[in-house]
């Protein structure tokens, strides 16, 4: 996680350290039906970042007193595998994982038609198998796919991506190296079909203009990601490398 | 908390390090109605020791299986703010805080008319905002005020104060410096109107005679403290400095 | 727990470090009715290994949602006293204690006539007061006695013993020194009257032949241990040293 | 693991429609317009024994922040910088909604949003906190203590944190020959070096309206909220959408603009309290 | 957080009135007078592999204490003194009232009251526990293990603790050139240095009566209890009012006087068991 | 504390009798005979950023193992050996039976059985993991991650662990003059030294039948299970009876013999995946 010193992250031709252009995503792979037990599941990769999502429900809540009379209870766990990071991560939930579980849950509270399933629970389990930046946004994408795969009715599909600022320039889909040296990281989740931003964070400094430009970069990429989701739901597997 | 070495804590004129006489309290300030949400609240200061008390209830117990059929359940939390002490205190409850929560709860079990409110809970939350000796006894005083402020019926008002022994002499209302170098510390809580001692501890060594003398010093001071409580309940704010 | 270096554990005459022959147990002592509050209790010693067992039940489960409609719930806690080991053991349950609690519980699931007591709990509490090897197997023996002492109906009595391999040779009832330097440790629990192995572990390397021979050594010793249990249940106290 | 809260107060429909119909007229139950925060009171130095402290009242919301300092080891990747930790306790005396126990997701989110605003802007000069670079640095503990909860803990806590940091004086110390550092907390003579002041504005979306500094009733009926951190130059230095619900692109941008105006009121209160207008 | 116990056995009113009417005649259910403890049995050296140990039976209450020793760092403010820790486990085999889990408030109070009695009187000579002053000292772990609970865990635990400490032998050790200390626990030749013997007397107030060493039934019906620690000279070296309920000034003083007589019985048992009458 | 599981799926009697009547004909619901495991797929290097990894599918059971390495201190009694830790997480996405939280007794048992099989056979050469004997050694973290649970987590996890260890490459490092070790995880050139390959076979007793590699339905109706670890020479290098229920002496010995044949199938899959047949 340390800041790379003296490394140029954008070269004279505007290319990033892995050859991407500023507004270019890493290769994306999406697959559904990857697990047997879960009611819905998905594997999503943004470059080396790899997220496994499973959805259970609607089902009876583990503890009955949690049941809500007028809607489904949502439970979300964003969790990193101990081997997903550079140094082994303790499997006990960190403060970061607790916060991200919350913001991801909140990204779906208004998307899932929770009123259809009173007194039940819908569980979204997200495992970061490999972390290389953008895990929370890839997790939103994986959750959206797994929910659809589980047949949970939603207002719209959602996807996420982070926009960063490195060496004064806005770039799409930052990886770990870029994030470590970047001036800003702005994860966004969006449901294009209903034009709703469901997750939005900014970590770092932006001007008002950069904010708007960065947001539009994210929304534009998310529109494509949701198209990929739709294809994945039909074809089970999609990869931007093979396109 | 280390013992001050070579410092005289009582001078040749019988004055203590802060100028007090052996049987003199630090300046006391009491205020009620200091919080909006709580059903009753109080702020109590003995010198630099500062305690905030809030009372909630009678209300439904958080977990129903705790409800008692013939009386109210009392919950007491004595807790130190991380910034209240010389070195930062972890906010996780220490063994000391757990013990003090117990003895303070027990100081009120026979004072509050718990039989009036079966199946309910009465919660007393005590936060040490600044600790300079005597926190548990000031907490009892604050709890008594907050209970009265919440309109919880009690047999009598209670107040507390500690008597210490330093350099062979009994002194009232020890502060942290005196406690650190003292030979004994004896916190007492008492309800003068019904002549009941409701909290009593001794940490250190006393002779039988010293015990009796020290206890009487405490009871005498507590009578005055309860008078101050009564005035506070009428006037909302009282300070011995302004008297 | 370190491996003793350069110490011969079996001498030229086939004697072990404490003078025992390979198939000889340490002195065994068994006593029942050692506690007042428990419904059944036993103290079992294999040499310096000392286990105290208490049984409570059948009684109402602590939490009602645990109750099983068709059988008693079994709860087993294998726990080491902090002073039972060479270096003080933290009283918080270790991973080892959690595993051993499980395998000991499973050793009794099919022995206790749990169908007789639906919706109840039977609790077996095992405290290692002194640990010198073979604590889990002595704990099974103590549990069997305490269950019988509590009048809990069982298909048969159970006892346990470990067989070890040291310096290439199979030996019965290994103590801590032997275990620390041994090549294998194989704890076995067995109910001779119904010919059932109820606990079986192997930690180390054995050939197929050694396994069979070692198992038979254990079963043979356990038959004697169960005879001792029967005598203990009649006479309250039995010791192989006094025989 | 995050769960849909199942113990939230249920706001009667009536209450919600009252709030909405007032908003339609540009009014709020607390008798202010949509873009103005409640009355702010900032007081510093309220815990004399702490190295820094401040209490903030934002309407009926009350937050106390204390700063304690210690000497410790730096992080491996920043050996010449001090360490800052931010912790928030939603102590049960502050609200019937709070229960004793370790910080829950709300407390953790609150602390982390404030922590990021400070960290990313280098608001506290961490380089100035090295005592022996590589081995001994100042560790600055910021503890947020919520005393009364009537909504918008974010802005009140951020304001109290900033004021407490500006109020912080590092203790004197002596460096022994062994390299050990002995603090003398009775003497505090070095002010903590502040590079930048940062504050947040919490904006709730209720129906089609965006309102600054929601109180607890407003937060409860809100569709969602967005918390935006600003520096004094008007840069955006942190954002957190918090709470269920969603916003449109236009709402996000509008909220950012509204907040940029509203934050000036907070900055004014901060300056008045700290006397450190720059 | 402390809660009114909600799982205590309910003593039938009948039982309480039986106890009270006996007390009115100066009698108790256990056929003793008000100021005499139950029969005490003290046995030391019961855990051979521990550095010290003792088992105490007080009527049907049974407590085992084991002492383990280790080498560790001193506290910063007492660099030339050893460290003593006291921990109590109310293990579930001792009573249907005890459940597995970390020590609850009763176990913590028990351990802390005993810890203070030892600490404040310097009962164990902590200075003699320095190995290399400032860096290596003996750490003495006292673990109280309640095996059977029939009331008055305080006196039984204090007696067992004192006996176990008097029974403790420190292991031999070797100091390496590196300053490391290597223990040889197979050889224990140095007795722990005891400066002072301290014991407690637990006195229950039942109605208007004060009774020494209450059993579990008596504790359950008692209005409150007071535990007083004494040294052999009759000094009062610690007090804890424990349990709900209150006492008058006169009752407190009377309890202290009653206890001072009763403690002699405990001291006699201790001396007989340890053979260390002084 | 271990409790009788009170949240297990109840297998209808019908299901059990179906399984039993098939077994009587030497058949199983998964269309295989009693002594043959389900189809095994082993894939290594599946987590590129880990030092070693493998994914195993055993029928519908799916387990991922990742190996991370670090530099740490050796255990006091083995100063010249590296440290290996094994941890298992039954993450809730793998089964409706799993709930979030710290490892329960099943996860702990799983990890410990695998840990012992590796440790007792010195399967990983721990001596080769000393960097500076006595002070700096490699710490090898094996993390078992169950992704889909359809029975027999033991064999799948053991196989994935062994494959991941054989796949592990230690990072390059630099030793500073201070004795500190700086890892360069971007370069991994030294394979972990494997002394021995060890695998387990899980055999369930259902009525009077012994079946290899039970699936979840079979595990649920099984009377008990025995897990036997073997090395390639056919030595028995670990055993765990797991689950309630009992076996006769003859059943145990028969299971050990059945397992010794079945394990060859697993070893073959391991060799094919790792290309390290020896």
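Just so it is clear, A, B, C, D, E and F label the chains in written order, and each chain counts residues from 1 on its own.
In this text, a contact is a pair of C-beta atoms (placed from the backbone, for glycine too) under 8 Å apart; a residue touches a chain by one contact, two chains touch by 3 or more.
A quick note: this is a predicted structure, and the numbers were derived from the prediction, not measured.
Engineer: Note the shortest touch-path length, in steps, from subunit C to subunit F.
Structural biologist: Steps on the shortest route: 1.
Engineer: Count the smallest number of chain-to-chain hops linking subunit D with subunit F, moving only between touching chains.
Structural biologist: Step count on the best path from subunit D to subunit F: 2.
Engineer: Chains shared as neighbours by subunit C and subunit E?
Structural biologist: Neighbours common to subunit C and subunit E are absent.
Engineer: Return the chain whose centre of C-alpha atoms lies at maximal distance from the corresponding centre of subunit C.
Structural biologist: Farthest chain from subunit C, going by C-alpha centroids: D.
Engineer: Provide the C-alpha centroid distance between subunit A and subunit C, rounded to the nearest whole angstrom.
Structural biologist: 51
Engineer: Just the number, please: Cα centre separation of subunit B and subunit E in whole Å.
Structural biologist: Centres of subunit B and subunit E (C-alpha means) sit 27 Å apart.
Engineer: Which positions in subunit D are in touch with at least two other chains?
Structural biologist: In subunit D, residues 1, 100 touch at least two other chains, as defined above.
Engineer: Which positions in subunit A touch two or more other chains at once?
Structural biologist: Correct list: 77.
Engineer: If each chain is a node and each touching pair an edge, is that a line, ring, star, complete or other?
Structural biologist: Looks like a ring, each chain touching just two neighbours.
Engineer: Name the ring's chains in order, please, starting from subunit A and stepping to subunit F first.
Structural biologist: From subunit A, continuing first to subunit F, the chains appear as A, F, C, E, B, D.
Engineer: In the complex of these two chains, what residues of subunit C are touching subunit F?
Structural biologist: Residue list for subunit C touching subunit F: 1-3, 65-68, 71-77, 93, 95-96, 98-99, 101-106, 109-111, 114, 184, 186, 191, 195-208, 211-212, 215-216, 219.
Engineer: Help me check something: in the complex, which residues belonging to subunit D touch subunit A?
Structural biologist: 1-4, 6, 76-77, 105-106, 108-109, 111-112, 116, 120-121, 223-224, 226, 231, 234-249, 252-253, 256-257, 260
Engineer: Can you tell me which positions in subunit A touch subunit F when the two form their complex?
Structural biologist: The contact residues of subunit A facing subunit F are 35-38, 41, 48, 50, 52-54, 56, 59, 62, 77, 79, 81-88, 91-92, 123, 125, 127, 129-132.
Engineer: Which residues, counting only subunit E, touch subunit C once they are in their complex?
Structural biologist: Against subunit C, the touching part of subunit E is residues 47-50, 53, 60, 62, 64, 66-68, 70, 87, 89, 91-96, 99-100, 102, 141, 143, 145, 147-150, 185.
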